[in-house]
Amino acid sequence: MKNRQFGWAKWLIIGGMLLLVALPLYAQEDAAEGSSDAEMSEEEAPEIPFYSSADGFNVPVLTTWVDESDDKTAFFLNPDLQARIVTTATGEGDDPTEVAAEALGATITSEPIFSNRVNTADGTWEQRYYDEGNSNVSILSKIEEGRRYVIAFIEDDPEVAVYMPLVDRTWEEDTTLPGIEQAIESLGIAAIDELPEPTIETVSLPSGDWESATYDIDGTTVTGYGLNFGVTDYVAIAIGDADATQMVDAYNYTLLGGFFITSDNTAYLYLGLAVTAAIFIVLLGSIWLRWRNARRDLSTVEQLASD
Amino acid sequence: MKTGFWQVTFAILRKDMLAEIRSRELLSVMGLFALLSVLIFSFALEMDREARETAISGVIWVTVAFASIIGLNRSMSSEREQGSFDALLLAPVDRSALFLGKFLGNFVVVLLVGLILLPLGTLLYNITLITPWVLVILVLGIFGISTTGTLLAAMTAQTRARDALLSIAMLPIVLPVLLASVRATTSIISGDPTDLWISWPQILLVMDVIYMVLCFFTFGFIIEE
Amino acid sequence: MAQAKPKDFAQAPTPAPNLLRILTLVTVIGVVIALVFALNIAGTDIEQGEVQRIFYVHMPAFFGAFLAFGATVLGGIMYLWKRDPKWDRLAVAGVEVGFAFAMINLITGSIWARPIWNTWWTWDPRLTSEAIMVLTYAAYMMLRAGIDNMDTRRRFASVYGILAFATVLLTLFIIRFREDTIHPTVVGNSPQNAQGTFAASDGVVTALMVGLVIWGLLVPVTLMWYRIRLENMLDWVNRKKMEVLSA
Amino acid sequence: MSDTPAVLSIRELVKIYDFIPVLRQLDLDVAQGDCVALLGPNGSGKSTLLRLIAGLIKPSSGTIEIGGWQMPKEAAAVRAQIGMVSHQSLLYGNLTARENLVFFARLYDVPKNERDDRIAALLEQVGLTKRAESLVRTFSRGMQQRLSIARALLHSPHVLLFDEPYSGLDQDAAAMLDDIIRHTHQDGQTMMISTHLLERAQQVATRVMILNRGRVVLDKQAVAIAEHQLASVYAQAIADKIPSDAPQPRIETSVEPAS
């Protein structure tokens, strides 16, 4: 009667353990089912093609623009809009304006109409804006790990002038209007208290839902675009009648859609592989050592036995 | 021929309780340890109310875990001392009944220590710990600790470095129970809505059942020679 | 001198069987293939850079550990049932090999975390539970070492090996218990706060699958086989010693 | 040997500890009412044999049959037939003598209505009636050992086993223990006593068995050995070489491949 009882006990243990081992599978299926619809649609979104520079930064490829990048500099141009966007890296001490001018193939001689530093989620950016007559230039740069990374935008259309500043978010409300107005004042277009009532709309672009405010300043149409991004507002100011949404989107896509710097961490990869190898060597070595010692013991014992 | 399962279980429980009432050996040592532990924690962690609220459940459960290790070591070695465990094995009884009897004894004693801890914590940390749900968690958590604890104490009592080995062997294995208990207690005393923490007692219940089944059936393998 | 071989005696060591030789060769080739897939064929992760390739070892290593610790559970149950020491040899091989894989998993994870999370170690629930898992199996080995009687040692180790699997399951499930983990999930969705998640594109999936088969299956099985042979050898030597002593 | 049917019979018993055979192919029959003295040097397997019979350890192979029940198949039933007194008291120091006995009576399922009478009778038999309500930890070794006998007799076992019962006892206590053992035996109790003390063995035993290296090297009725010869018989028995034609343990070889 003792035996019979242990018989079913064993089966119960084995059944229980099998159930336990099956649990991870169940749990993972459950996790897959549990994903909400929002996440599912996010997963189905087309993958972003990336330009990856030898200098360690990555930017999304602007698929509707002409890609003339080389292995160090990302370069996209749009002949219809007469606009170019460039991203490059250089030495820490280099002047961002010179670097941007060279990369863009433009000459920048004037003093910047506006420049400052902005703290964003991914570090401190220095921004400069130039008005070279027909050409209007926006340059962002930041220093990280001993290199200066520069993102520059130039627009050569004589009909319009487009600048893309970042504005520190100092107000509480959700609206981006204060940022747009601040940018208009900073760029020297008009003082905030002189601005007329704007027409406000919402524009959906791939880089996000932007708020747009259109002002009529002394007969000139000035359109401001704003996107709330936590500590910073992304702003674009277009002076003139042309539709600037495409440029706004392309430039900010570069910034928001993932300009980021991946430093060279190959050393860590090798370290990891070395540790893995070391652990295997220790295991194998200890097995081999114990085996050898056992062999030795065995021959000693056998000798003793035969004596 | 075999003596009835429950008769054996309760005979052992009764014997252990009687011996404990006589000597108060376990309760005094564990109770004193619990008191010291709570005091030391409250001195060591000088905390404001909010910090106390998050720390108290950890303090309580760590104390319960270590107190139970002390108690389990004691309870098993008292069985070994006079060879009386052999006397249990000599009897025509189910091995699992022995386990259940020893387990119930340990469970009751550790639960008593836990019940002492609650008013103590309430007093020293100025947080109300005596609520029905905290009691439920206390019972469930100590149940889980006692099952594996009884099994592992029976095991380590037969090894060389018994006392040290019990804590090393037991703590990682009861960790899931401790984790769930701490989380549940923290949630309950900070007054979260029921649906935020109700899954913890459920998880505890499932773990208790799994541990109980495993320990119940493997105990026979631990004590035979 | 020799008594007939009773049931719990070891077998005389034999030269490695051909199957083991073939398996070893396959494993070595497999490791090379896995490395080629991980280092050359899979694309560089755009966000994490080269260090992401460590993942092709890191994650399969957990599966290797899972397999090995699973073998310990199986060995434990079968030993308690059949009382044939060969099952206990499987269990002890599982613990040692699984321990090595768990260490690899833990350390490569830590090395990956240094550039990605900017820290070698954080008290994240999953990391903590994995560390506890490793400690549990260290306790298993200490428990084994603490018992002199072979039969008792095997029985206790079997029971403990079964119980210790609870920590493996905890490590697997911790994300469901504690949603504040920053550890990314590969199967299923990462928690909102996971850091260092990456998109699994084609090359990544292939390299991962290759890695899983080789690091998670082939390497642990081969290593365990060698470890089982060693344990058998040790038992055999022990037996011979005892025979000489008691002759 | 006696003509009465064997109450305990052991066939081809083998016990191997860590590759060391402690008992090699042991056969043994003990008749009802026998008192077997089990002698032998340390490590000869006396203690192992008793623990095997008591079911505390499992045999590597072979069978033990007591009162028609087989070990290890019907272990629980066999255990119910056995009482054991060891060199340890197997009692709880924090309980009184009576409480100890009540606890073990419950374990052995002694019927409730007989329990108190049996306990009273046994306490009387071992001379501890007066100390029934004292804690066992206050008892002397001798008293503990006597209470131990009472504990072992609680369930009227078929066979009573003594494993080195005299160890740690002074002369008086040992003599007292001897008295109890002799009286118990005279009441018809079958028993086996393992001991180092040859004179005491000869005084109580009806049969003398000497074990050496896991084998029975001598098995005689006590009356067949003259009063003062036991010591020399013992010395000769354990000095003798193991006969070369002694049966070898025969156990199946496990068939699993080596790796």
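The first chain written gets the first letter, and so on, giving A, B, C and D; residue counts start at 1 in each chain.
Assume a contact is a pair of C-beta atoms (placed from the backbone, for glycine too) under 8 Å apart; a residue touches a chain by one contact, two chains touch by 3 or more.
All values derive from a computational prediction rather than experimental measurement.
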Closest chain to the centre of mass proxy, which here is the mean CA position: C
Taking each chain's C-alpha mean as its centre, the one farthest from chain B: A
Separation of chain C from chain D, taking each centre as the mean of its C-alpha atoms, in whole Å: 48
Chain B and chain C, separation of their C-alpha mean positions in angstrom: 31
Distance from chain D to chain A - Cα centre to Cα centre, in angstrom: 82
Averaged-CA centre spacing for the pair chain C and chain A, given as whole angstrom: 37
Set of chain D residues in contact with two or more other chains: 74, 76-77
Residues of chain C whose C-beta touches two or more other chains: 13, 80, 151, 162, 229, 241, 243
Where chain B touches two or more other chains, by residue: 1-2, 94, 210, 214, 218, 224-225
Chain C-facing residues of chain D, complex: 14, 16-21, 24, 60-61, 248-254, 256-259
Contacting residues of chain A [partner chain C, same complex]: 10, 13-14, 17, 20-21, 23-24, 27-28, 31-32, 34-35, 39, 47, 50, 52, 56, 58, 258, 260, 262-266, 268-269, 271-273, 275-276, 279-280, 282-284, 287, 290-291, 294-295, 297-298, 301-302, 304-305
Complex contact set, residues of chain B against chain C: 148, 151-152, 155-156, 158-161, 165, 168-169, 172-173, 175-176, 179-180, 183, 203, 210-211, 214, 218, 221-222, 224-225
Interface residues, chain C side, partner chain A - complex: 1, 13, 35, 44, 46-51, 53-54, 57-58, 61, 70, 73, 77, 80-81, 96-97, 100, 103-104, 107-108, 111-112, 114-115, 162, 165, 169, 172-173, 176, 185, 187-189, 199, 201, 223, 226-227, 229-230, 233-234, 236-237, 240-241, 243-244, 247
For the chain D and chain B complex, residues of the former touching the latter: 51, 54-58, 69, 74, 76-77, 79-80, 82, 84, 86, 88-95, 99, 103-104, 106-109, 135, 151
